[in-house]
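Scrolling down, you'll hit the structures one after another.
Common to both upcoming complexes is chain A, partnered first by chain B, then by chain C.
Entry: the complex of A and B
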């Protein structure tokens, strides 16, 4: 048992490490592709040569990030096959189909047009080259779409039937898988956050050039484009974040409760703006959950349900079940103890199916299949020892959510500031404090982006597939030593790649700052 | 085909930063596919079992007894 816990924990840590490193590169690729396309559009529209130089400058930075980041995501697929084989088999073609579409369509589209974007400046007409640049921007977003569809299915498994003979889920509604509320909000939220991240990157690098008094005209022009793209990105991120909150309230209410450190929900639930969690608080005890709380009245009810008088369940409500009489209605949810019982019935039916299958008893197989189908929505609960095991790490989820929201709010103000300064107070662009605000915002936006994924992924623990499969059931029969070795191999590999990217970028920027990039 | 080949050849020949990047990509891809995939990350079910029937049986058994 101890080794199983160790294998699960090391495998989770390894997957988190790989995914987080991968996500350092991806949002910059998504956002910078758009910004380069916008800049080239300005060049084609105005015919000003300096915009061609500016476009090529940012295109080179895009190329560095693209080259370092490409193929880092494939390691995640290796991990599925080695460490998470039960999961990989169980998801069947639902996970494979979006990833195959991503590999065949979007990646090759990206790869083809990237070559034209870099090599085709003097070989294609301006407009044809511009079309290719926009196709790269579209391609990277489409790549993201299919990956995020696959991720969203894990958070909201829909559009499939479980087949006990294959031990796989079989997709029966592609549109339900691809275009449900969770997947669409996740896609637009992630892509828009990439625009926001790249906007901050462009603003920050432009500020660095201004601070060095190098390429001032190009830096000012770039800063405006970066700030506008960033503003559009952060507004869309906030908007889709609201959509995500509604979706989470419906399909992952435990995640929402953990995000808020909410144990006992109520009608007209407030939103915690700031607070310090009581780390000793456990489900079902009488301790105070949050100290020094600054709350927005009715905020969580509005956020979750767009209704200030709606009920938002807390961790205790979800774990132990609740009944609610509001406006004459009685709502009852099952407790996790009841769900665990249903999950165990599904497992027992699966065992009965296995015996019937070995004996060739068709009638018993049909009966077992029916029992599995009836209890399948609770299948994963059958692997939990006690109801409290279904509660995610509350502190990590709670603080990561606040880090994301606070930095997101800061970025909104940042972009408004630079748009105002770039448009109406250009003299301020010579002030060092304004340069340093832009420069120090670069790491902040990555922290914000990573925090968002921490909320999404830590907040849904222990599930690898929501309600259907917890991490301890998804794991392969591998040793923790082998996972530990590969964990450190990845840590070294990715750190080297990150160091290479930063080093190549800094060398390129150092050289560029000594030349006229618009020439 | 010749024009496509020339397009890529001239493109690669004119690269500056890109040459370092291609070196990084080559090393990275070699590590990922020749070291990680071959030696450290075999597909567990494909390695241990010969057919889909055996794999589904193994997963069923694992999920029943876990």
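Entry: the complex of A and C
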């Protein structure tokens, strides 16, 4: 049992490591692909050679980043098999499909056209090359679509039913899997955040060139494109973030409660703008949850339900159940203790089904099937020892959410500033403070991006599949030592490759600052 | 034939085609392993830039192969990947190293020097080929695993697919699988040399070098592959008969004889590879890659066919025979297979645009001018 816990923890750590490294590179790929396509479109439309030079400059940075994004991605796909083999069987019938579609439609598109982007300048006409560049931009977004559909399905398992004879879930509605509210919000939120990240990167690098007084004309032009793409990105990110919050409130209320550090919910719930969590606070005790709280009245009710008088449940409400009379209606949710009991009943019924099936006892199979169907929505709770095990790490989720929102707000102002300056106050572009604001924003946007995924993934713990399978039931038959070894191998390798990427980029930028990139 | 059996067979064919395409595309890895075979810097640079423009297609084919397996036969994904942990992790590690090496090897500031990245390419070239061959070999010679779905009901030990403690290392040292792996490695090197003849306009000296490489690597491959075929045809495999997994001597030979169409495919494929090798090595033909490529695809598809069709266990369990995987007991549901089949109808479109783009890109071949320092290059 101890080894089981250790394997689960190390497998989680390994997946978190590879996912976080992957997401360092992918949003830049998504966003830069779009920005490069926009720049090349300007070149094709205007015929100005300087835009070709600018396009190639950013394309080179795209290429340096693209390779490592691909490298870190392959691990993720295969880790579902190597480290989460039970998961792969339990829901492979549903989860595998988006991954296969991703490969067929998106990866081949990327792989084919990215080579044309770099090596096809003299082999294709201008317009044909431009089409290929846009195909790369489309390909990277399509890649994101299907993996995000898969991720969203884990958080909102729909379009399937449980088949007791095979002891797994089977898909019965592909459209529900692919195009539900959670998946669409997640897709646009992630892709738009990529545009925002790349926009910040382009603005930051352009500011650096301006600060060095190098390639000033190209830097100003790039800055404008980066700021506009970034603005569109951040506006879409905020909009879809709102949609995501509504979706989370519906399908993962515990995650929302953790994001807010909310233990006891109420009608007209306020939103915590700032606060310091009490780390000693546990579900069910009477300690204060948040110190130095600055709250926005009705904020969370509006955010979660678009209704200022709505009720938002907290961690205690969810763990221990609650009843509520509002407008004459009585709402009651089951406590986690009750859900655990029903999860165990589902498991026992499944065992009974298996015995009946082996004996060919049709009546017993029917009876067991009915019991399974009644209790299956809580199947995963049967693996938990106690109700509190279903509470995610509150502090990480709470602070990561605030970091994401605060930096997101800052980025909105940043892009507005640079669009204003680039369009109406161009003289300001010579001011060093403006350059440094852009440069300093580069690491901030990555922190924001990572924080977003921390909220999404830490906040849904302990579930691999919401309510149906916790992490400790999803793993492979590997030893803890094996996973520890591969964890450290990948940790060292990815860190070394990240260092190489940054070094190559810095060297490239250093050389570019001494030459005319538009030549 | 039941409807689900039809779709299982269809998806196994698609897996076979993807697997065959992957084995063919391993010429990229074969080329990587040949970079150290010449001291001529221009040759090396042309070779890197020739295969470097294809590395992502090989990489993508591997990813799609994995994705398609996951979607259509999830129990294989769950059992093989989770069980043969070290085998797959080593394969993945080698491909991670490959992915960055082309882009970084000649870039200033790459921290570790060109030789390190070329070493990574060599590692992927050798380990990637050999271990992918071993993984395919496991489909014939089996693994030490057990599948118990009721384990899902035990919260203390819920994993349904249990593998031997060596977790894939035993497959790497299984000489029969290793023999196939080494054969695949030399096949990849032979294909790479023949591809260079097609894709690089490097002059007489380079052509002589490529022909020499094609010949020697081709000869070693032929010897190893024939030896492996003898092992395969005399092997005892596992087949499901009346719901029970049974041992069957000469199973794969029987399958080739019973499903004679696949036998013809094997024969045709072998002849095409030999013809391609002959024309490349002795005639210096630029188009031999089409023969060896088509031959490779035919041979590999036929191997997958006899591994999985006609109730053959495509992942036999040595220790618990009744846990062996077949198309019937490891596939996705009918609904998923049908849905994915609709998606697969777009594959010809994908293949067509890949062919169109690469015909344009390859026009004229790589020349020393293309690898001049001022050009974008690997």
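Note that the second predicted complex is superposed on the first by the 515 of 519 C-alpha atoms of A that agree within 3 Å, B and C clash if a C-alpha of one lies under 4 Å from a C-alpha of the other, contacts with A are read in each partner's own complex, and residues count from 1 in each chain.
Here is the rule we use: a residue touches a chain if its C-beta (ideal position, glycine included) is under 8 Å from a C-beta of that chain, and two chains touch if they have at least 3 such contacts.
In this text the structure is predicted, and so the values were computed from the model without any measurement.
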For this session: Using the touch definition from the top, say if A:71 reaches chain B (first), chain C (second), both or neither.
Result: both
Exercise. Who does A:235 touch here: chain B (first), chain C (second), both, or neither?
Worked result: neither
Problem set entry | chain B versus chain C as contact partner of A:123, first or second or both or neither | both
For this session: Pick one for A:506: touches chain B only (first), chain C only (second), both, or neither.
Result: second
Problem set entry | Contacts of A:383 with chain B and chain C, given as first, second, both or neither | both
Exercise. Between chain B (first) and chain C (second), which, if any, makes contact with A:16: first, second, both or neither?
Worked result: neither
Exercise. Which residues would you name on chain A as touching chain B in one complex and chain C in the other?
Worked result: 60, 63-64, 67-68, 70-72, 74-75, 78, 81-83, 85-86, 88-90, 115, 118-120, 123, 166-168, 347, 350-351, 354, 383, 472-473, 476-478, 482, 486, 489, 493, 497, 500, 504, 508
Exercise. Contact residues on chain A for chain B in the complex?
Worked result: 60, 63-64, 67-68, 70-72, 74-75, 78-79, 81-83, 85-86, 88-90, 115, 118-120, 123, 164-168, 347, 350-351, 354, 383, 472-473, 476-478, 482, 485-486, 489, 493, 497, 500, 504, 508
For this session: Could you please specify the touching residues of chain C with respect to chain A in the complex?
Result: 53-54, 56-57, 59-60, 62-64, 66-68, 70-72, 74-75, 77-83, 85-86, 88-89, 92-93, 95-100, 102-104, 107-112, 149-150, 152-153, 155-163, 165, 167, 332-333, 335-336, 339-340, 343-344, 346-347, 350, 353-354, 357-358, 360-361, 363, 376
Problem set entry | Residue numbers on chain B that touch chain A, as the complex places them | 7-8, 10-12, 14, 17-18, 20-22, 24-25, 28-29, 31-32, 36-37, 40-46, 52, 55-57, 59-64, 66
For this session: Name, in rising order, each residue of chain A that touches chain C in their complex.
Result: 1, 4, 60, 63-64, 66-68, 70-75, 77-78, 80-86, 88-90, 92-97, 99-105, 107-116, 118-120, 123-124, 132, 163, 166-168, 170-172, 174, 347, 350-351, 354, 382-383, 472-473, 475-479, 482, 486, 489, 493, 496-497, 499-501, 503-508, 511
